[in-house]
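Each of the next two complexes has chain A plus one more chain, namely chain B in the first and chain C in the second.
Up next is the complex of A and B:
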């Protein structure tokens, strides 16, 4: 198989935004390349939809929103875009070269435009015992459900957020027994919650769906709300979960599987490593790449669409991908103010409920920074909260400086698991807002890359089978 | 701090290894010295380099300085205390992988012998194979220096900074020099943190040093900024007890105590020192890595964990600038062109000698600041 050296558009990530952009751009006769880590198109939300479709009777439990993705994936497959799954993009240079590995070899292509649609990633929930075997993220549990129809009976779910409820609902529908649901969302709503609820009514369907999931979960599981101080214990693997319920009572549940979740944040590793400007979003408590309504970033010709530019969900991502591609197709023409406002208006229908949801599920600090000194924060370097706070107290002003004091964030994950926690810890210690603390300076490779792959980087671009 | 001026005997500009070592030796000899650093100690090339502590492969003009520096490295504990534990002496080996490399190496060995240097010698393949049992290919011989090694660079720089402080030096970080001018025989150093006055200024500002010199109306230095790159891998079984290079190729390779490989060797990416920006361009390293994987095939399985670079100042002849400037009371120590880390302690000592009007124990003739003046 031969890979071309040059494309009009290279799309990184074949989720809803990436697929929609590829369909739109190839409809307009652009030569499009799409690269994705996974073995099939769909992203996290429509994972393995193509393979699962023929057994949709058996997998009905994934819900109607999941099956909606089938048409998008079909359109994508029938488009003229070239798609290379199992391709890990590890560097984009400013001259728009894209470097990636596939099956043990590295390749490079150049493109006139690049669309980064690498989606979201789960916010880690560093509580005591979160690194024990048997503990994983709710997103991970959902992945197993979608890709293998596998799950664990008796698992305890702890956390909150839309994906939290959706996954438990799917778990129940799939026939797995849920051990308990420990809901960490704070119970009391403030006036701002109610204020944001008004525009959210524009997405009433979404809200009703959420309420349906939640009431189904309350009816069919052992459900604890407004929970505090969750910890997992066990010697070599998870054995039990302890917490304090809303009446202040200590509870302990035996389980060997715990699934944690505190919402999702944009996966900014590629956009940051490529050098795009980012800003701190206080409402979503994470970094967003700076883009205009068309998704164009601070670097000319590089676009970002979908949850990777701010959490907004699949339908907003599809629209964003399409909007970005339209703008790329007629790049030399500046859109009129009217078109810009129209685009904003169109998008609003898909994001009206977002501020409400963000406020409702905004994780309190307890779930972002561990309360206990002994809890691991940086998993790669096995650094506890106390190791990091004592390094910070030596006068550290930012995450990059912290690296040379205690190696936090210097392991394999490049700070994916500890970055936001460390940023918050430094902000607290120095009494400054998070946005002033900054983030780890991310550098390529942003995906796993072996030296053998790097050494194989050649210019013949013949793809290995 | 208020905007009132501060009087100092000596101000050192730049908190890299050169500046920190200079401030340390001055303070140790009782001088009133203040070091000002625009970012933080060891933030740029000094803190993020490969940490090679080598006499091997030095330009013959640089060897006396390198040997003088090594004397200090070998007794580092006396100077900077526990930080010295981050220096790991072993041996440094530069192998020939082809006939061209062998010829080059043999010629160098002969030149060194003739000049009377005994630290760096030629060894044949049988010796190399015994010293590096995991090497997968025969070599065409190589050059070796016993006792060279590597250090954790930011720890060493921090060590000199702390030792300087202990001896009474003041260190001010986050302090950018806006201008350096002379008035009534005193240097006026304008910074956002106020005005500093000094009888003597030592310019160890690395990639930023030519800007400092320009502000002081000193020589115009043809200094260029680049970002030499490095990669570090995940932890692997220990197979490499030395720091390694390859003759006539750009490769430097070592394995840390953790088992992680660090690969570099002077492959440069772009840097823009005026906005503190350095690029990394991993693909540029691919030929160095191909070579490393030929020597040790296991390396191909290692995962790259990080690639990084630091901003470094390069001179056209790749030799540093060390010595008295055109202006009275201004000294320079910069332009190390990505091989200044090992020299640092020697440079600090020599600059301290110069500032105090003493004769350094080695000649600095080759590093004269005026050598680019037509």
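Up next is the complex of A and C:
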């Protein structure tokens, strides 16, 4: 199969936003290329839905919101967009060349417009023992359910957030035994919670669904609320998890599986490495790329849509992808103020509950920066909190300078698992707001790339299907 | 230990450090490792064990080596009939040779 050298639109990421954009753009006769690093379209939320659909009776536990994605994936498959899964984009240049690797070979294409819809990743939850084999993220556990129909009996879930409750609910319905649920959400709601709950009523369905999951979990698992000081112990793998319950009592549970979660944040590696402007979002405690209501970034012709531009969920992502594609199709025509307001209004229906959810599940600092000196912060380089704080105390002003002191963030994950923690640690030490500290300066290639792959760019653009 | 949901069947064989292992076509290699009770896949520079964590290509803690010597994230590659993977933690590698 020959890869064209030039496309009207290149979409990076075939999740809800990317698929919706590709459908809309190809409907308008644009030549669209879609790249995704996973083996199938759907993103994390509709992961492997195509393959799972024919056994939807067996897999009913994934829930109706998951199966809703089938139509989107079908429409995407039937669109004229060219789709290449297992394609890892590692660089986008300012002149809109997209470089990616697929099955050990590198390719490049050029596009008039680029849409980055690389979604979200889970916020790291650095607690003692989180690097032990057997400890995984809740999102990882959910991925195992979706793409491998596998789960572990007796696992302990620790954390909070919508995905946290959803995954436990799915686990229970799938017939796996849940060891215990350790909920770290603060118990008491403040006045600001109640205030934000008012607009959230516009998405009442969402709220009711969450309450339903939670009450199901409370009834069917060993449930501990308002938990503090969670730690995991074991020599070469997880053996037990300890914590302090809301009555101040120390508890210890034996388990070889612990799943952690403290919400999700935009996956900014590609947007930052491409050079888009980002701003610090204090409500979601993470970086967002700067975009207008249509998703266009600070660089002309490069758009961002979906959770990668701020956490808002799948339905908002579908709308954002579609809106971005519409704007790309009629790019030369400046939208009227009326259209702009209409777009804002349409979006609001899908994000009304977001401030409430963000406030409700905003992770307190003890889950973002470890309390104990011996806890690992940088997984790849095995750097403990004390290693990093002693380097910071030498007068480090930002994450990039820290690299030359102790290699934090220079391992294979390229700072994906420690960036936010390190930023917070420097902010605390230097008494400055997080936004002034900045993030790691991310540079291409944003994926490990072999010299052989790089050299293969000189070959023809013939893609192995 | 991880297991398939009730009634799920395996249909292919992959090789983990030359050991034949049952798998379902299309599932990820990381999922097969977990079901085989292999949680530690490699070690950090100072010798700490690490294994699959995020399952979506972010943490790089599930890197395995393919037959051609290429390193890949086990959560990003699908199991196919006869696929051979090697664990960096196994005896096949001496310290420093793999990474």
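Here, the second predicted complex is superposed on the first by the 463 of 465 C-alpha atoms of A that agree within 3 Å, B and C clash if a C-alpha of one lies under 4 Å from a C-alpha of the other, contacts with A are read in each partner's own complex, and residues count from 1 in each chain.
Here is the rule we go by: a contact is a pair of C-beta atoms (placed from the backbone, for glycine too) under 8 Å apart; a residue touches a chain by one contact, two chains touch by 3 or more.
Here the structure is a predicted model, which is why all the values come from computation and not from measurement.
Peer 1: Applying the document's definition of touch, where does A:39 land relative to chain B and chain C: first, second, both, or neither?
Peer 2: Second partner only.
Peer 1: Touch test for A:93: chain B only (first), chain C only (second), both, or neither?
Peer 2: In the superposition, A:93 touches chain B alone.
Peer 1: Applying the touch criterion given at the start, work out whether A:189 contacts chain B, chain C, both or neither, answering first, second, both or neither.
Peer 2: Once the two structures are laid over each other on A, A:189 reaches no partner at all.
Peer 1: Using the superposition on chain A described above, determine whether A:175 touches chain B (first), chain C (second), both, or neither.
Peer 2: second
Peer 1: What is the contact status of A:411 with respect to chain B (first) and chain C (second): first, second, both, or neither?
Peer 2: In the superposition, A:411 contacts both chain B and chain C.
Peer 1: Looking at A:432, would you say it contacts chain B, chain C, both, or neither? Reply first, second, both or neither.
Peer 2: Neither partner.
Peer 1: State whether chain B or chain C is in contact with more residues of chain A in the superposed arrangement.
Peer 2: C
Peer 1: Under the stated touch criterion, which partner chain does A:149 make contact with: chain B (first), chain C (second), both, or neither?
Peer 2: A:149 sits against chain C, while chain B stays out of touch.
Peer 1: Who does A:455 touch here: chain B (first), chain C (second), both, or neither?
Peer 2: first
Peer 1: Under the contact definition given at the top, report the residues of chain A touching chain B in one complex and chain C in the other.
Peer 2: On chain A, the residues that contact chain B in one structure and chain C in the other are 411-412, 448, 450.
Peer 1: Please give the residue numbers of chain C that touch chain A in the complex, ascending.
Peer 2: For chain C paired with chain A, touching residues are 1-8, 24, 26-28, 31, 34-35, 39-41, 44-46, 48-61, 63, 68, 70-71, 75-76, 78.
Peer 1: Along chain A, where are the residues that touch chain C in the complex?
Peer 2: By the definition above, chain A touches chain C via 37-39, 44, 48, 51, 58-59, 86, 104, 121-122, 131-137, 139-141, 143-144, 147-153, 174-176, 236-237, 256, 267, 379-382, 411-413, 416-417, 448, 450.
Peer 1: Residue numbers of chain B touching chain A in their complex, please.
Peer 2: On the chain B side, the touching residues are 40, 42, 47, 154, 158, 231, 233-234, 261, 263, 280-283, 285-286, 289-290, 292-293, 299-308.
Peer 1: Going by the contact rule at the top, pick out the chain A residues touching chain B in the complex.
Peer 2: The touching residues are 90-91, 93, 97, 99, 106, 108, 397, 401, 404, 410-412, 414, 443-445, 448-452, 454-457.
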